[in-house]
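One structure follows; several queries about it will come next.
First chain written, first letter: the chains are A, B, C, D and E, and each begins at residue 1.
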Amino acid sequence: MLLTWLWLAPAAAMLVVWALPSRRLSRAAALAVSAGVLAYSLWLLAPYAAGEGLLRLEESGRAGPLGIRYHLAVDGIALPLCWLTALLSALSIAASWKADVPNAFWASFLGLESALMGVFLSRDLFYFFIFWDMALVPMFFIIGLWGSEGRRKAALKFALYTFLGSLSLLIGLAALATFHHGATGVWTWDMGELTRTPVMGRAAIWIYAALALGFAVKIPVFPLHNWLPDAHTEAPAAGSVMLAGSMLKMGLFGFLRILLPVFPELSAAALPFLGGLGVVNILYGAFCAMAQSDLKRLVAFTSVSHLGFCLVGIFSLTAAGIAGGSLQMLNHGLSTGGLFLLVGMLYERAHRRGLSDFGALASRTPVFAFFFCFILLSSIGLPGLNGFVGEMLSLAGMAQVSRLLAALGLLGAVLAAAWGLPAFQAVFWAPPGTDSVSDKIADLDLRERAILWVLLVLILWIGLYPRPLLELMEPAVSALAQR
Amino acid sequence: MTPESIPLSLFAPQLPIAGALAGALLAGMFSKHRSGTLARIIGAAGVLAGSALLFWGPPYADTWLVRAGGIARAWQLFFHLAALAFLASHRAQGEQPVALLLAALLGMDLIAAANDLLALYLGLELMSLPTYLLVYGLKPQKRSLEAAVKYFFAGGAASGMFLFGLSIWYAGTGTTALAPGGMLDRGPSSAASLAFVLMGSAALFKVGAFPFHFWLPDVYEASEPELGAFMSTAVKAAGFLMLMLLSIGHSSFDPIGNSGALFPNLGAWLPVVSVATMTVGNLLALRQTNLRRLLGYSSIAHVGTLLSAVWVWQAGGHGEELATIWFYLGATLFMNTGAFLFLKLAGISQVSELRGYGSRAPWAAAFFALMLLSLGGIPPTSGFLAKFYVVWDLLKGGGIGLAAAVAFNSLLGLGYYLNLIRVMALEEPGQRTPAEPPRPDAGTALVLLCCAAAATVGFLPEAREWLFTLMTL
Amino acid sequence: MMNACAVGTLFFAPVSALLLGFFVFRPYWPRKTHWPMLASCAAVTVASIHLAVQIHDGRIAGGSWELTAYRWACAGSWRVDFGVLVDGLSISVLGMVSLVSTLIHVYAAGYMAEDPSFCRFFLYFHFFFLSMVGLLVSNNYLQMYVFWEGVGLASYLLIGFWYEKEAARAAAWKAFLTNRIGDVAFMLAVFLLLRGLGTARFSEVFQRLPELSSSTLTAAAFLLFCGAAAKSAQFPLHVWLPDAMEGPTPVSALMHAATMVTAGVFLLARSMPILEEVPGVLAAAALIGLLTSLGAAAIGAMKRDLKRVLAYSTISQLGLMVLAIGTGNLFGAVFQLITHGFFKALLFLCAGSVIYSMHDSLSGATTVTVDDAGGLSKQLPVTSGAFLIAALALSGIPPLAGFFSKDAILEGVFATGSKALSVLALLAAAGSSFYIFRLLFLTFLGDRPEQRGPRAHAHEPGFRMKVPVLALAVFSAAAGSLGEPIAKVLGKEAPHLSLVVSAAGFAFAGLGILAAYWATMLRPGFDWAWRRAQPELERILDDDFGWQSFTAALARGVLGFAKLLAGPWERKTWDAFTEALADTFVGLGEGLSFFSRGALNDYLWWMILGAAALASTVVLCF
Amino acid sequence: MNSSLLVWGASGSLFILGAAFLVLRRQLIAMIIGLELMINAANLNIVAYAARRGDAAGLAAAMLVIAAAAAEAVVGLSLILNLLREEGAAESDRIRELSG
Amino acid sequence: MAATALAICGGCAVLFAAFALFQRTLYGSALCLLAVLLQVGAAYFLIGAPLLGLIQVLVYAGAVMVLLVVAVMSSPPQLNEPWAGGTAKWLAWLAVLAPAAELLSLLRAASGAPAALQRAPAALERQMAFLLFGPYAPLTEIAGLLVLVAALSILRESHE
C-alpha cells in the first residue's frame, strides 16, 4: 500500500482542499499536503534508491479478466521523476502564495500531482493511460481559468492536441494488448510481460507509430509542438512550472517505459528518424527562442530545445545517452521550472512579460538578478551546473552512434548562449526603455528566496556531483541500452 | 396446437405496478390539488414492490408467451430503475403523468418478458402510446404538442411496419413465436428477411438510429427534461432489447449461449447503420445551440456506438459482449439522467444561458461538467470505461474499422462536450445566465448523487464483470 | 605531505575567499572585499612557487604529481573522475598567473576604489582567478572544459561590468558567444576521445593514442586547435578581444593580456602529444599563428586608442606563441607565455594609470586615445619609465626578458629551416617593436598640436597602483633569467643562444624602434597626415581587414533567420490548420441539418425510404 | 394457390398506399387514415393465413390488433383535436417550428 | 368460388384506398376509407372468419370512422365541402356495383358453398374465443390497458 499513498494522498487531499471553507485554510492545507508528499516520497524511496532492491518495492492486485492488474512499481528512471513532481508541486504552491485564487486552484494542483505520480508509478498500461488522461483535466482548468489574457484559446488548443495524442495512445495500447494476446493467448497489460513476447511484423510498425505519435504530442516533438508556447505563456506561473517541470516528461517517460523495452529492434530502426527529430527540436527551439520578445514565450521555446536534448540522448540507445536523457529530464524540470518561477515573480509584480518592459533591474533588484543569472546559466548548459551534465552525456551518447547528430546537437549549445544572454541583458543590464516598469519592482522577499535557494542547491549539487543520481539510474538504463 | 395458459404468478412483478396505476387514477379522483404527490408516492411504492418481487418473485420460467427471471429480470430491473428516477424527479401536476408512466413501464416489462412476436408488438404499443401523451401531457404548450404529433406519426408508422413484418412472418411460418424454425428450416428466405427488416426498422426507430432519428431531437427539445431522460435511457434500452431479441431469438438468448441467429443477415448492414448514426449524431450536435436538442443528438451518437456493440454481440459474442452492452446502457442511464435533470433544475435550455455558469453555481457546474466528461468518454469516468469496453470488444471481434470509427467519433464528440465545459467554466457570465444556483429537493438530490457516484466508476475495469454477475444471479 | 597541502591551498584558498566575500563581506563590509581575495592570491602564489621549487629540485618523482579527487560521473562503460595534475608545464604557468594576479588585485583595489559596485567586481575577479587556477591544474579534458567555460563566464561578467554602456554589453555578449563556438569545438574533440578511449584523463589518453583511428585523431587535434584559437584570439576568432577592452583596465590587464588568453596556448601545450601525431595541424597552427601575428601587428600600428593597440599587440604575441607551438618548440611557447604575461600586464597597468590620471570620474570614459594624451612623461615619470621598460622587453632588446623568449621562438623557427618563415618571423618582431614605440613616443614624449586632451592636471596615481607597476617592471627585466629553470621543469634541454639568430632579432627590433622614432618624433603630425591621406586603407585596417563587419553581418543573418522562423509563419499555419479542421466538421453538420428542417412528411419519407433501402439490400444479398 | 398471391398483393398494396398517405398528404387526419390502412393491410394478411390454416391463434391476434389499432387511432385523434383547437388547422406545415 | 369474390373484395379495397389518396377533400378520403374498411370486412367474411368481419365492421367502420368524421368536421371548412365533381359519381357507382358482383359470384358458386364457410366456422370462432380469454388472457389484458390509455388521453382532454 506504500506506493499507492503516493498518488492517493494528493487525490484525497484534492477533494478536501476544494471543500474547505476559507481560501487561506485551503492554501495552507495544499502546501502542507504537497510538502508531506515530498517528505514521504523521500523517506519511502531513499533507502530503496541506495540499495539494489529498487524493483522489489512494488505492489499489485489481482489480474481481472481483461488482464488489467493494478500494479505499481518504481525503478531508476521513475524514481527521480517522482521526486521531481513532488518537489515542483510543493514549490509551485509555495510560489503562488500571494495569488488571490479560489480553492479549486489549489485542488487542481493536487489533482495534477496525483495523476503525474500515477503515470510515473504504474506498471500496468491501462492504469498508465487512465492517469495519463486524468493529468490533462486539471491542467486544462489551470490554464483556462487562471491564465492570462489568451488563456481560453490556449487551453482549448492544449486540450485538442493532447486528446488527439491520448486517443492514438489508447488505440495503440489496445492494439498492443490484442496483438500480444494473438501471439501468446494471454490477456495482459503489464509492461513486464509485454516486453517478453516479440511483437513482429507490419502490425508492430503500426502500433509503434500510434504509440510514438501519442507520446510525441506530449513531449512535444517538432511538428506537433504548436500548443506548447501558447499553453506556457498563458498558464499561471505555477501552472507552467508544473507543465514544463513534469508534464512534458510523461511523453519521454512513455518512450523509455513502453517503446524502448517492448520494441527494441524497431527503436533501433527508428533511431536516425527520432534522433534527427530530437536535433531538429534543439535547433528549432533555440532559433525560435532567439526571436521572441515575450520572456515567458522565450522560456517555453527553450524547454522545446531542452527536450530535444533528452530525445537525442534517449534515442542514441547507448548507456551514456539514455542516462543523459533521463538526467536531462530532471535538470530541465529544475532549471526551466526555476525560470518560470522567476518570470512568474516578475509578472506578479509588474503584470508584464515583454523583454523591453524592464531594464537595469540588476541595479534595482540585485538578488533577483543573481538568481535569474544563476538559473539561466544552468539552463544554457554552463559546465559545473546541472544542464551541462545532461546535455554532455546525451550528446556524448549520440556521438557514439552518429557524430553528425552529436555535432548538430552541440550547435544547440552555441545557440543557447545566443538566446540566453541577450534576454538576460535586455532585462537586467540594458537601460530602462520608455514604457519600462522596472521602477515599480521590489526585490525578492524571504519566501521567494527560500524557494529559489532550494533549486539553486539542487542545480549546483547535480552539476558538481551527479554520480549518485547516475548510479541510481544505472540498472534501468543498462537494461534499455542496446550498445 | 393450443398453447397452455400462463399462470398468473409469472406476472407477479408487474401486478404491483398495475395496482399502483389504478391507485394513482383513484387518487386523482379524491383530492384535486394534492393528487400529484399522492400519485407519485403510490407509483413509486408500486415500482419498488415490483422490483422487490423481481428478485424474490417467480423462479426462472420460459413459457411460450412470456419469460420470467434470468435475462428478462435484468432488463426489467433496468426499466424499473429508470422509472423510479422519473418519478423521483418530475414535478408535473395531476396523476395523469404517473399513470401514463406506469402504463409505459408495463409495456417495457412485457417487451423484456416477450417470447412471442404478438406480445412484443403489444408491449411496443403499450410503451409508445403513453409516451406520446406524456410528451404533450407534462407541459401542454404548442411546442410540446408539435413534438407529440411528430412522435405519434413516426411511432405509428414504425408500429405499422412492425405489424406488417409480423404478418409476413406469421404468413410464412404460421407461428408468431420468437423462435428459430418454421420458415427458417428451409434456410433464410427473402420473405423472412423482409419480415425481419420491417420489424428491425421499428426497433431502430425506437432507438433513434440513422434513417429513423429525425423525430428524436424535436421530442427531446420540446418535452420535459425528465421525460427526455426517461426516453433516452429506458425507451432506448427497450429498443435495443427488441433489436437483440429479433436478431437472436429467445432460445439462445439466455445467459451465455448464442446458437444460430433467427435472422443471420443482421451482420451485413448493422455496421453501416451504426457508423452512419454515430457520425450524423456527432456532426449535427456540433452546431446545436439548444442544450436539450444537443443532448438528443449526443444520445443518437451513443446509439451508434451501442449498435456496433450489438453487432459484435450478434456476430458470435459471449457473455462479455452482453455485459458490455449492459454496462454501456447502465452508464448512459446515469449520464443522461444526470445531464437532463441538471438542465431541469438549472432552468437552462440554451447554450448562451450556460455562459459563465461556473462562477454563479460552482458545484452544479462541476456536476454538469462531470456528466459531460462522462458523456464524452474522458478516462476517469464510467463513460470512458463503457466506450473502452466497446472498442475492446470490437478489436477482439475483428471490427477494426468500427473501432477506429468509434474512436474518431469520440474525438468529434469532445468538440461539443468540451465546448460546453469551456463555455460554462471559462466564459464570463452573460446576462441570460441564471443568477442563483439550483435548489434540488430530496428526491432529485438523491438521484443526482447516484448519477455523480456512478460517473466516477471509471477506475474499476472489473465493473463490467460485477454488473454481469449481478444481473444474472 | 607538504605537496598535498600546497595543492589543497590551490583550490581551497580561492573557494573560501569567494564564499567569505559573498556571504560575509558583501552584506557587511562591501568596501573591504579585496582583503580576502588578496590573501587567497598570495597563498596560491606561495603554494605554486613552493611546488615549482619542489619539481625543479626533482623531489617530486617523475616531475608530475596526480591526485584523483572524486568520481564525477559514470555512464555505461565510461568513468569520469575529477582530479589534480601538477607538473612542470602547469606549475610554471600557474606561477606566473598567480604572481601577476596578486599584483593586479592590489592595483585593482586602488583603480576601482571609487567604483560603487566595488564588491561585485572583486567577486567576479576572484571567480576568474579560481577558474584559471582550476583550468591549469586539472588532470582531464572534462574538468579542464568545466573551468574553461568558467573563465569564459568570468570574462563575460567582467567585460560587461559597467553594463550601463551599450558597447560593454555588446562586447561581453560577443566575447561569450565567440568563446562558446570554440568551446563547442573543444567539447566535440572530448566526445571523440571519449568515444574512442572511454576516458579523458591526460595520462591515459596520451598512452593509448595508437588505439584511435587516424581520422579520429586528426579530427580531435584540429578541433582542439579550434578551441584554443577561440580562447587565444587567433585569426578567425579574434574578433572579441579588441571589443573586450570595454571592461575595466585591471580586467584587461589580467585576463585579456596575461592569463586568460594564454589558456588556449596552454591547452595546445598540454595536448602536445596529440598534436605531434598529426603534423598537418602543427603546420596549420604555425601558419595561422604567423598570419595572426603579422596582421595584428599591422592593425596595431595604426590604431589610435591606447588599449586597442595593446589588445592587438597581445593578439600578435599570441600569434608568435602559436607559431612556436606550430614549429614544435614547446619550451619557446611556454617561456614567451610567461615573459609576455609580465610585460604585457605592465603595459596595461601603465595604460590604466594614464587613463586613471587623466579622468577624474572613472566610469565616464574608459579609453584614452593618442589624440588626447601627449607628452605625459613630465606629469607621469614613474609610469612612463615603467612603460619604457615594458616596451623594451616587448621588442626583445637584450638584457630584458623579451629578448630571451623571443629569441627562443626565433631559434625554433630558424631550426625548421624554411627561409620564408624565418623572414616573416623577424618581420613580426620588427612590427611589434614599431607599434609599441610609436605608442610610447606619441603618448609620453612628443606634444603635438593635434593633441588637446585634459593633460594639464594629469597626476601620478596613488601608492597602491604604483607598487605593482614597479614590481612588474622588475619582473619584466629579470624574467629573462627564468629560461633555464623553466626548461629544466619542462624536461627540455636549455636553449643555446646562437649568435646569428639573436643578432638578427636584435637588428630587426632596433630597426622597428628607429622607424617608430622617425615616424613620430622627427616628423610630428605624420600620423594624422598619413591617416588623412589614405582614409581607405585606414578603414580596412580599422575593420580587421573586413573581418569584423563580416562577423557582425553573420550574427545579423542568424538573428534574421530566427525571426523568420519564429515569426508569423510559425503561429499562423498551425492555428489556421486546426481552425480549418474544426470548421470542416461544423460545415458538415450545417449541411446535414438541411435534411432535418422540421417537416413531418420529410421525416416519414426518410423513414420509409430507409426501411425500403435496408429491405432491398437484405433481400438482394440472399 | 393463387389466393395466397392475391392476399399478398392486396395487403402489400394496401400497406404501400398507407405509407404513401403518410408521405404525400399534408393533412394530419389523412395521415391517420394512412396509418389505419397500414394496420388493415397487416390484419388482412394475418386473418387470411389464419383462416386458411384454420389456426385460431391468428384470429385471436387479429382481434387484439384491431383493439390496439383503435386505441392508437384514438390517441392520435386526441392529439390532432388539440392541435385543431390550438392552431385551427391540422396541417404538417403548421408544425415545422422545431427544426435544426 | 369464393376466390373470385375474395379477388373482387381485395381489388375494391385497393382501388378505394388509391382513390382515397388522391381525394382533394378530407371528406372524400374518409368516405373512401369507410369503403375500404367495409370491403376488408367482407373479405374476412368470405375467407371464413365471419366474427372477425363483424368486429371489423363494428369497431373500425363504426367507432374509428365516427372519430374521423368528428375530426374532419372540426377541421377548417374548405377541406370538407360536400362531395362534388365527376369522380364522386364514379365512386358511388363502384360502391354499389362491387357488393353486387360479390353476391353474384357467391351465388354462382353456391353450388359449392365457399370452402371456408363449409368448415364449421363456428368451431374456429369458438376456438378463437376460448383462446382469447384462455392462453392469450394476458395479451387481452394488455389490449385492455391500451384502450385505458386511449381513454386517459381523452379524459385529460376534458380536464381543462
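A few notes on this one:
One rule holds in what follows: contacts are C-beta pairs under 8 Å (C-beta built on N, C-alpha and C of every residue); 3 or more make two chains touch, one makes a residue touch a chain.
Computed from a predicted model, the values in this text were never measured in an experiment.
Common neighbours of chain A and chain D, listed by label, are B, C.
Looking at the partners of chain A and chain E together, the chains they share are B.
In this assembly, C is the chain whose CA centroid lies farthest from the centroid of chain D.
Between B-D and D-E, more C-beta contact pairs join the chains of D-E. Note: the chain lying farthest from chain B is C, by mean C-alpha position. Among the chains in view, A has its Cα centre nearest the centre of the complete protein Cα set. Separation between the centroids of chain C and chain E, computed from CA atoms only, is 112 Å.
Here the CA centre of chain B is 80 Å from the CA centre of chain C. Look at where the CA atoms of chain A average out and do the same for chain C: the two points lie 37 Å apart. Across the assembly, chain E contributes residues 127, 131, 136, 139, 143, 146, 149-150, 153 that each touch 2 or more other chains. Shown for chain A are the residues that touch two or more other chains, namely 160. The multi-chain contact residues of chain D, meaning those touching 2 or more other chains, are 7, 18-19, 22, 24, 31-32, 43, 48, 50, 56-57, 64, 68, 71-72, 75, 79-80, 82, 95, 97-100.
By the contact rule set out at the top, the touching chain pairs are A-B, A-C, B-C, B-D, B-E, C-D, D-E. Within the complex formed with chain E, the chain D residues making contact are 2-3, 6-7, 9-10, 13-14, 17-18, 20-21, 24-25, 27, 29-30, 32-33, 36-37, 40, 43-44, 47-48, 50-52, 54, 56-57, 59-60, 62-64, 66-75, 77-82, 84, 88-90. Interface of chain D with chain B (complex): residues 4, 7-8, 11, 15, 18-19, 22, 28, 31-32, 35, 38-39, 41-43, 45-46, 48-50, 53, 55-58, 61, 64-65, 68, 71-72, 75-76, 79-80, 82-83, 86-87, 95, 97-100. Of all the residues in chain B, the ones that touch chain E in their complex are 2-6, 11, 18, 64-66, 94, 96, 99-100, 103, 106-107, 110, 118-119, 122-123, 125-126, 129-130, 133, 137, 140. Contact residues on chain E toward chain D in their complex (touch as defined above): 3, 6-7, 10-11, 13-14, 17-18, 20-21, 26, 29-30, 33, 36-37, 40, 43-44, 47-49, 51-52, 55-56, 59-60, 63-64, 67-68, 70-72, 74-76, 79, 116, 119, 124-125, 127-128, 130-132, 136, 139-140, 143-144, 146-147, 149-151, 153-154, 157. Across the complex, chain E meets chain B through its residues 127, 131, 134-139, 142-143, 145-146, 148-150, 152-153, 156, 159-160.
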